[in-house]
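I have placed the structure first, in the form of structure tokens, so that the comments after it can refer back to it.
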């Protein structure tokens, strides 16, 4: 057993297979991947890593297992999956995941290969665990997969409180101690014990408030979009770099690679000095035509080039950032009410409201260099067919509604 | 200036008229009135008082004034109102307010007389303030009344974080530092600056989650109902005690008066030993007939007597506790969106949802001595005309839906 | 098992005999006894009670037992002792303990009788525990008594963090999670595992800093001395009140009894309005003659009368408050260094320093009504034979050295 | 004015020249330099940066200025110095400072050149400030230099609470709000107001407890020594890299440079995988001969080579790590006691004790690859002339080096 001091959960006691996994390169690598990527540019204290988050997820999983009296190989598998659930992340976590997915076909929770090979594979097999079954849990498969990756998983419980602790934004302050005590399996389904409608709601609400305030803060979105563009340029420019290698870099590696590559050095300087593009357009969902919502990666790059051309800019200097589909998967969190299992989506009027709120918070952004933002705003509205009412074009911007005023670089 | 150490806001610097008011008996009395009354029986750490809350409200008011550049007599009046806003509370805060209101016609924020007399009146006048105008602010009147008692007041900002700190339930953890920085007056109306839809929502959400978990926890409701019943008995039994005197007691005084009075000694023992009545019925709104929702104080006392009689119990041993009308006042919090003032109720889908949630969380309770709870449950359903589907009668109770399992003595 | 939400340790799971003891009147009574007595007059948020502290002590004891693999009857006895260790406290905790000890011969940890009788005795015997052995643990006897009441006990670990949390003074913020993990028995002695010299020091340092800042804050000392004087008057005046009954009151009972008794009503008003005596003298140890340090209770009362007489005051209006003997018991905390058990007092140069610091912080106070403080200061210096250099007499007081400026009403 | 959300001080309002400095490359670079260097390998949550620390120092300086009524150019200069006080840090903060100092003659607070040039110089001059005078404050010169870099500076106040927050080790939890309120100038000297002996002590105590637990945790010392060795190798191997350039790198740059350089790639792998050397010797001060304490950089490298040679190891595989001279500069913190200014070192017995404690905590370490640690231990004791009693040689050690054993220095 190893005991580790954590700033969120205090003492974490790592046991069983998890203790063996702790020292593998794949897990240690997570020390060098920021949990929130470029969010640090909006919230300077948000430098926490996937490593401490993984310890926290392990810790909450352990508590849940104990309260549900799960032990033996089922428990060991969950422990392993909790510790390993994020080893598939690339540098800057989710920030360049769309790129690596396009190129490799893999999301961060597709870890079949990673768990089978190297020291991780050795440790798992030595502990009598089948890597592919552990990978299954990471992907949310099976009864115990719900605990690692599902509507009521310990992953979310950890990241909400951890992100709140490190950003200083309190909205994520849920009550993980209560949630892990309320989890139970009924007919193979993970549910919350009676009396926990509010506990379940608090998870959804916390996410709904953290999202616009932190995760989709416009500074985070702009810097993420710039990073993604640069990562793609890097991949195109360097014949020796494969997408799979890009995915296995850590933050240090990616940043320095971008500094050294002529195509991305300008971005690297901007990132280092927090000299970010500004919003030329920040449009609500109602003002965006359907064809634009359906545009694919290539389409968007062409639109950027078109806008840039019309404004005499380098294509790299215009970014069209269409937030992902606002459709929220139906909330299938399940809560016991009396003797019945009820879906939170039906029991709680909040859930529906949160879905609507997501649509309201949705924004399409067009970003560019500061000196061109007015011009680009006008041109982009035209080319993208945005309805002026729904688009806050830069020169009229003032202080648009969904901005967090703090740490506002624009 | 006096500097006071507070467990929530750290150092509070009390200035101007507020420093003079600090040492008046009316304000010092608040040290002996628990902020949350009997909630302490459900959350043992919830022993904080109206005194520290008043300091906190003063502190946030001071910050808001500073950020909005309000000074002079307007600021002094707000300082006085913040410090004095709770001097009208009776013992156990809101717990027996319905009784004292029925008897005296005054709610806790009806402080015209209290502010005009005694040391408080002297201090106000000595500082050039008209007591009746300060009382007006406490009642929410005028431009600055919105800051002391309104949809966006500093009262709520303080109590949510303070109650979270002292109960250990994190749902009230809002961000008061951001809110006081976002307040502004536009055309005489108190609004939140652009970019604060989530800030405003967080206030409503925090209350919506704290309500069933803390303020209306069933242990709090049972003990409050028992206390209210005992306070009424005390008032009836003691010819020398007036309702106005009852209202001016502190917690110590009320508790000991109940110990010394034969009619209430049994309650005093139950309170001291946390030997509370249990729920015989815990009914959802849908199962309660309209006439019962409209029943007045006398009607309910007669129904209690009828149920008790049918069960061979003393009338004091049955309590019918109809929660107050679930209708939530339309949320009129105002937030700037771009250049417009928008009502949060229209801007935020959450607000509507919270209104619905309030209906779902509503419960009618019938409480009685433990050994009679089954019998009383059956009889009460019959006499009160409850629909069985909507009523969780004691013998089927198991673990009903809205219970907080923790600190659950029932 | 009962789960209780605590503002310090979050969720506390009460198990075994402790769960049965929770509902006994003797334990529930602790809800109505403030942990820090009158310290609330200096730190308004310090309203926490012996009840929540007892839960915390139980919680840390449980963790220590688990980490040391203690179970069976030994563990049950420790659980019971932890939960019951403070049931012997009188109203206002330590504040009037010297009085009740003089009258009854018992300190708060002398609980042999209390544990043998009533519901507590029944619960213990029903759980197969001998009340007198549990009382022995509370008094610090035997191997496991060290854990409940000793140099490294869980009592201190809880009160330091709890008092820090509730006063807002951070000096008590030790690391209880580490300490309970470091405890071990070596040859029957409770010691800290290797690598914990700093952990042990932190306990002593925390106490050394909390002491002058919180526990012996001059407002706390003045109000405590006034309360003690009033409690003695109450006992003398009321022929029906025995010292044993006084000891079994709670805070509400004592306060109201003082309001109702003519001899103590003036104090009750002063307490309610925080209208306290002021310091006429605040003398360092070097300026106090030996005979005064050795004076007993009767001597001091006579000196007070003499000073009062010389100043034309009522004897109640002068209090001579000689802090208890500054001698600190040799620190016998034991820490493993390599394979050896070493006494912290020898290993740590800090311990010696803290002993010296205690002497420096020591103060003799003479308190009186505000308007007479100058006169009483001069007379008291004369009668008590204080050396002027070592005594800060009121008229020269300004802001003397050991005062906490905050929350200072004097 | 810019408002920034900080996880320690909540909202920080950056004003005046500080707001202009915020966006300079020299200040933004601090986002990429960890406050505690390799301590992250012992405390996984310790990923905070010099950037957020600089904001915190600015914030406390601002509060102190306000409480002391300092404004005008004096205040602007302090604001600038607070924001800039750490721009002279190299990658990994203090970790390789001895190397860069040896090579460049500059410590991190030698910032004359850095402040005169580039955007920082422009901003300062544009705000009417002389860069060299601001650099003087950073170096602790003059009246206001005491506030930025002295015994009672705001630098220490911030780092203690920040390091506590991020490591989870609570010993650094001092009370900065009280300290900044207690600061005052008396005859040009920065002192603490009367009543603050404990406040001053708490600063020293916090450092004394954080030091062995965090800053000199053996995992931190081993990794720092390895990093320093590798940085020196890097500088020697790369003809294009100057020491001045090394000093201006950030953490990313140094780590990747080490990955790319053949001489340091092995270290880079070890760092990435936290595969650290182990302690072969961990000797107390009493067991170390004087000549070894006086040995210079070259001497130590030769001793390492000698030990390595005798053990058939590469010279890089042995590190002799002599902690810096344990002599603590006399504590010259000044506290008012009554009307006198007293040096804390005389007033407080704790200060002397802390000096002694520092000697006790001092350790000489010899580190090597795990498989050779026993052998190297024996040889090193011999070659270095260590007295066996004072040296914990590896084979007797018990608790190996790379555990997160909580600050286990033994």
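As written, the chain order gives the labels A, B, C and D, with residue 1 at the start of each chain.
Heads up, the rule we're going with is that a residue touches a chain if its C-beta (ideal position, glycine included) is under 8 Å from a C-beta of that chain, and two chains touch if they have at least 3 such contacts.
If you want to know which protein each chain is, UniProt gives these names: A, B, C, D = HD superfamily phosphohydrolase.
Please read all numbers here as calculations on a predicted model, not as lab measurements.
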Contacts common to chain B and chain C (chain labels): A, D
Of B-D and A-B, pair with higher C-beta contact tally: A-B
Inter-chain centre distance, chain B versus chain D - centres from mean C-alpha coordinates, in Å: 50
Separation of mean Cα positions, chain B and chain A [Å, integer]: 39
Sites on chain B at which at least two other chains make contact: 3, 10-11, 169, 178, 405-406
Interface residues, chain C side, partner chain A - complex: 3, 10-11, 177-178, 181
Interfacial residue positions of chain A with respect to chain B in the complex: 169-171, 173-175, 178, 182, 193-198, 201-202, 205, 208-209, 212-213, 336-339, 347-350, 352-354, 356-357, 360, 392, 398-406
Residues of chain A touching chain D in the complex: 2-8, 10, 23, 25, 28-29, 31-32, 40-41, 43-45, 47-49, 51-52, 55, 165-169, 250-253, 255-257, 259, 272-275, 405-408
